[in-house]
Amino acid sequence: MTRTLVFPALFFGALALLPLMTDDSYVRHIAIIALLYAVVVSGWNITLGFGGVFNFAHLALFAIAAYATGILTKTYDWPSWTGIPVGIGASVIAALVVCLPVLRLRGIYVILVTFGFGQLCFQFVLNQRELTGGNFGFVRIPPLKLFDYSFRSDGGIGYYYVALLLLLITVVLIHRFVHSPFGWRVMALRENEPYAVARGIALARVRLSTFAFSAIFPGAAGAVYAQYVRSASPDMFGFSFLTIALSMLLLGGVGTIWGPIVGALVFSVFSELMTPLGPGRYLVTAVVIVAILRFFPKGLSGIPEAWQTWRKRAHAGRDVAPQP
Amino acid sequence: MSLLTVSNVTKSFGALRALRGVSFDVHRGEVLGLAGPNGSGKSTLFNVLTKIPVGPDSGRVVLDGVDLSGLRPHQIVRQGLARIFQTETDFGALTVIQNVLVALPRGIGRDVRLYALNLLEDFGLADQADRPASEIGVFDRKKLMIATAMACAPRVLLLDEPAAGLSKPEVGAMAKLIKQINRQDVAIVVIEHVMPLLLDVSERLVVLDFGEVLAEGLPGEVVRDPKVIEAYLGSEAQAHA
Amino acid sequence: MDFADGALSAFRAVFASGLVLSSLYVMIAAGLALVWSTLGIFNFAHGAIMVIGAYVAWTVSIDLGLGQVAGLVAALAASALIGVAVNRLLVQPFLAQPNIILITVMTTLSGAFFLENSALLIWGPRIKQLEKIVDGNVFLAGTAISGHEAVIIVVAPLMMLALWAFLRFSWTGKAIRAVAQNREFAELSGIRPERMYAIAFAISAALAGFAGVMLGAIRFITPTLGADPLIKAMIVVILGGLGSIPGTILGAYLVGFGEAVSTYFLGAYWTQAMMFFVFILILVIRPNGLMGRE
Amino acid sequence: MFINKGLRRSVTGLAAVLAFAVPVAAQDKTVVLGVLGAFAGPFAADAVEGYNGAALAAKEINAAGGIDGFMFEVEKFDTKEMTPDAVLSAVERLKATDNLGAIVTPFGSLSGFEMDYVAEIGVPYMVAANSNQYRSIITEDPEFYKNTWSLAPSYDAYQTELPKVVNQMIESGSFAPENKTYAIIGSDNPYSMPIYEGLKKAMDADGWEMTFDDVVPPVEINDWRVMLSKIRENPPAVIINTEASSSNAAAFMNQFMEDPTDSLLFIQYAPSVPEFVDLTKENSTGVLYNMLGGPISAKVSDRTKEIGEKYAAEYGYDSSIYGYICYEMVYLYADLLKEVGDPSDYDAINATLAETDKEMVHGRVKFDPETHLSIQGDGYLPIQFYQIWEGDRVTIYPPVYATGDSRTPPWMAN
């Protein structure tokens, strides 16, 4: 039991100490965004990975949360600490709405309807210019403030720890989910839907709960994102944002707790390093995605397993070798 | 006394009339055998009874006084009508015991794990409780499927070819298992092509042909019914043609 | 009198506009529908292939000055080649996987990004344009449209007809359908499935390239030219339903005329959002499309 | 060449990330000028041309020996998908750049939100677009944004000047309307909408009666015919389209010309994009458009002619507005550096920048201390009206920069 805690403790310990090692704001910014991505992608993994539902509306939930937070805290002067609850609320409600048609559909149709939902939200944001700022985006969202402390001070270190805390909560919640009867039901539905129903699992209720649960994470992350970058843009509904998040998920490995997190962190740094390539970086990204799908279907999280198999094989080889 | 009453159930797929007014009763505590040539509508009958994926076009199914027509598939299971599928089915990514745990109804008691372990013990699967279901043997997977059905606390259990693909000793073990379950006051309807098993466990036999009940009665009498023999021979002849 | 006159001319304009839009959508959706209806694969790179077709035609016909016919031929060849590559690299290696649907969505999306940004690197961000096939205007139901669009109106349904006849009557067409319906059985009958996939993709991509060349003369060519048509084509194909070429034609005309009518009554402002709303609604009510089979 | 340099930077950047940011050894006497923008996607052309213009100017200055020994190096800072975090990443890269002298760019984002973060760096920040967005943020605290200055003027004149020009055409006899009616089309984006609203007010105030009014969403519009048929039901004397997308506007132009009404056609800004003429060919002869902050016509401005020729020689095609303006930004920065002497003294350079009063390719640039935009109007940056005639862009207003007279559009000749 204690052994399983070693890796998480090391991981979060190292991340908690990162600001002590560098106060470089560039590193900090990339780290904050990477942590928020890790939260979002972990949430996506609940529907896509554990639930097996091809939900392409997940990033729209993130954008909806960012807009809801921005509009309520700026236009309607809600205190900035309400951002996270507002973001979660908006995201969960939207997830339940998008889940309703999904209950009736399968396969590619789920992808199309959830993608269509994102496009519909996008059109709404463009159309409601007075409310959302239209295609130029929503700006000057008030930063997060607790008591008298503005999270913008001290080089935004507060945001870093908020994002890290979010990720810690995410890991704890998803860990509990994976080891709970609810989590097993979700996975049972993914493994074999008719069989799951034949064992008394209520498809609609479990699926709605899955969507609501997975929406918590983009909701919270979207709120913090909006308060950190102080802006929301309709590009957040776009294809490229979606593709980035999906690449992270695939890179890390679908259906594991740590895969999406590792994927998000690695991909964030990787994508930042590729910036000088200009449009060429999309070429590299595309090739990397296809290569992962082709050669590492389980993503980075499948590598330890592959390594173990390889080692076993190597050991076996050595054991066999001395025999006559 | 009738526990499950099936009256006048029909089901069509386009022009194909798979079930044409099927009626029969399942009595409390009995094992009812369901026989018939391939394509006679046996598995379709199980499908429409449990509404997986959809219920009958018309007709009534009443379980212990409750009309099932208004219920959704998972509610039917909770009402006490559970089934196994023809092929070994499981939640491969879950462990053996988790396969059982997801099927347990709420309010089963405080220590659900102990309850599930006891259930697995009955099926000789307790020592594999924490292995992924995808890693256990074929016979074990078959037993696990029945164990998960039992986890649903059924009053009527529908078994679709439990002996398919099993070795001779395994068939014997399966027959024992069915009788053992039956002793726990669970009525059983069993579809089976392995005739010795069917005749061994069944107290009564219903024979379907072309979606209709062809014969019904004691196993020994039914198998000697000329209509039944002809139906089987006819399908044999077709198969050889 | 005045009202009746106005209503009539409005009706004509809606008709002309709807016809032009529908024909464009038929043309763009044709290739997408071919691969979707026969192989069950949704090619998200379809729009990007269209873009490449348009650029290649531009390079050959305008930059190198070799004329329109050479441009068209080069565009068809290049896009067919890309279609074969898409199949070879992004579809074939994944066919054995159980969740092929999600995987091909991912791989073809990646393909789209690859092609779009390759176009940006090769041809630069500045907009380009092709020559119209015919100059001048044509009057359709009393509303003027360009001659080029008149050609599209005529060619688009012919293209679909040819596609339908090809699938229906030619050996290759039948073989493609056979592979789609039952791969093992087709293989037993001596059909080579990989080859059928390659042919279907090549034809589909060539159709995309053709659509790109036609569109490139009435719209600006940019690397992102394909994004909007792809989404429209998606709506068309879904509306039409799986496994149905006539359905795709119906879908295209419904979307085109629907857009024109909605623009007239609801205004351009709400038409786009409306289309997505109706799209979702139809998916929920009839997941297999208007003409789709169960 | 650029990519290699970029790669080298990124490798040191990676080392910095892994070693938790060790400062890279500074190179002497190099001043980095950053171009902030999205180098892929729908706005790539703007960013690339801004970069090209700036790079061209830097090359010339370096070839002439630099400024007091300082050599310029122009670098791209890619805002990628233009999502807020990607824009901020680019700003953070700027911040981490050694010898950063200034940011010269068309625009950093559509909303201008990046200004807050650039203000924290303090580096001089010159932009050339999205005046409304930059203004609305700057006016809240001009002192805080003391480093951000816009070489584009306020867009207010877009809302008011059209009736004046139309009246001038009536006076000169090139336009003889039967009545004073107009049709107007808005485009639902924060740039076009204020112009659309303002123009309606200005036309109404001038006694024009509106016969048609619709707003299109900010997406691709393939077909304007339904809208045009509604306009044709009751042909107005003037048709105004504020659609900002040049592609949509070109489609409108062509479809209008399929069956033109006896109306003067004015399209806001979009026809200024070089390709508009390629796409519309002879159809566009007679259309009116205007531009704020655009270069004075090369026929009357030697500066425009000179830059335009150099640009075309270097890159093989004509520059759009941003190539010119970003070119000028680099020369403006060169002036500042010459005066201050120390590129790292941002405060001094910003203070000098604020005092700018210089004749440039698009007119005399002097900044409004309240909005940090270039002052617009007589003697400063003009609003210019053009009429396209057989592919030529004839400046018809203001008279001082005019290269020709307005003419009756060919479709109205009889």
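Labels for the chains are A, B, C and D, by order of writing; each one numbers its residues from 1.
Operating definition for what follows: contacts are C-beta pairs under 8 Å (C-beta built on N, C-alpha and C of every residue); 3 or more make two chains touch, one makes a residue touch a chain.
Being a predicted model, the structure only gives us computed values, none of them experimental.
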> How many hops, at fewest, get you from chain B to chain D via touching chains?
Replying inline: 2
>> On a CA-centroid basis, which chain has its centre farthest from chain B's?
In response: D
> Which chain pair has the highest count of C-beta pairs that touch?
Replying inline: A-D
>> Could you work out how far the Cα centre of chain A sits from that of chain B, in whole Å?
In response: 42
> In whole angstrom, what separates the CA-based centres of chain A and chain D?
Replying inline: 37
> Whole-Å distance, chain B centre to chain C centre, using C-alpha means?
Replying inline: 49
>> Need the CA-centroid distance for the pair chain A / chain C, whole Å please.
In response: 33
> Touching two or more other chains, which residues of chain C qualify?
Replying inline: 117, 120, 269, 272-273
> Which residues does chain D have that touch at least 2 chains other than itself?
Replying inline: 40-41, 44, 188, 217, 219
>> Strictly by the criterion at the top, what is the full list of touching chain pairs?
In response: A-B, A-C, A-D, C-D
>> Applying the document's contact rule, which stretches of chain B touch chain A when the two form their complex?
In response: 50, 52-53, 72-75, 77-78, 82-83, 85, 89-94, 98-99, 101-103, 105, 148-149, 151-152
> Given the complex with chain C, which residues does chain D contribute to the contact?
Replying inline: 40-42, 44-45, 47-48, 188, 214-217, 219-223, 225-230, 232-234, 246-247, 250-251, 254, 258-259, 273, 275, 278-279, 317
>> Show me the residue ranges of chain A that touch chain C in the complex, using the header's touch definition.
In response: 54, 101, 104-109, 111-113, 116-117, 119-120, 123-124, 127, 239-240, 243, 246, 250, 278-280, 282-283, 285-287, 289-290, 293-294, 297
>> List the residues on chain C that touch chain D in their complex, please.
In response: 6, 9-10, 12-14, 16-17, 20-21, 24, 117, 120, 124-129, 137, 143-146, 218-220, 222-224, 228, 259-260, 263-264, 267-269, 271-273
>> Taking the touch rule as given, give the residues of chain A at its contact with chain D in the complex, in rising order.
In response: 18, 21-22, 24-27, 29-30, 33, 123, 126-127, 129, 133-140, 225, 229-233, 235-236, 238, 240-241, 244, 269, 272-280, 282
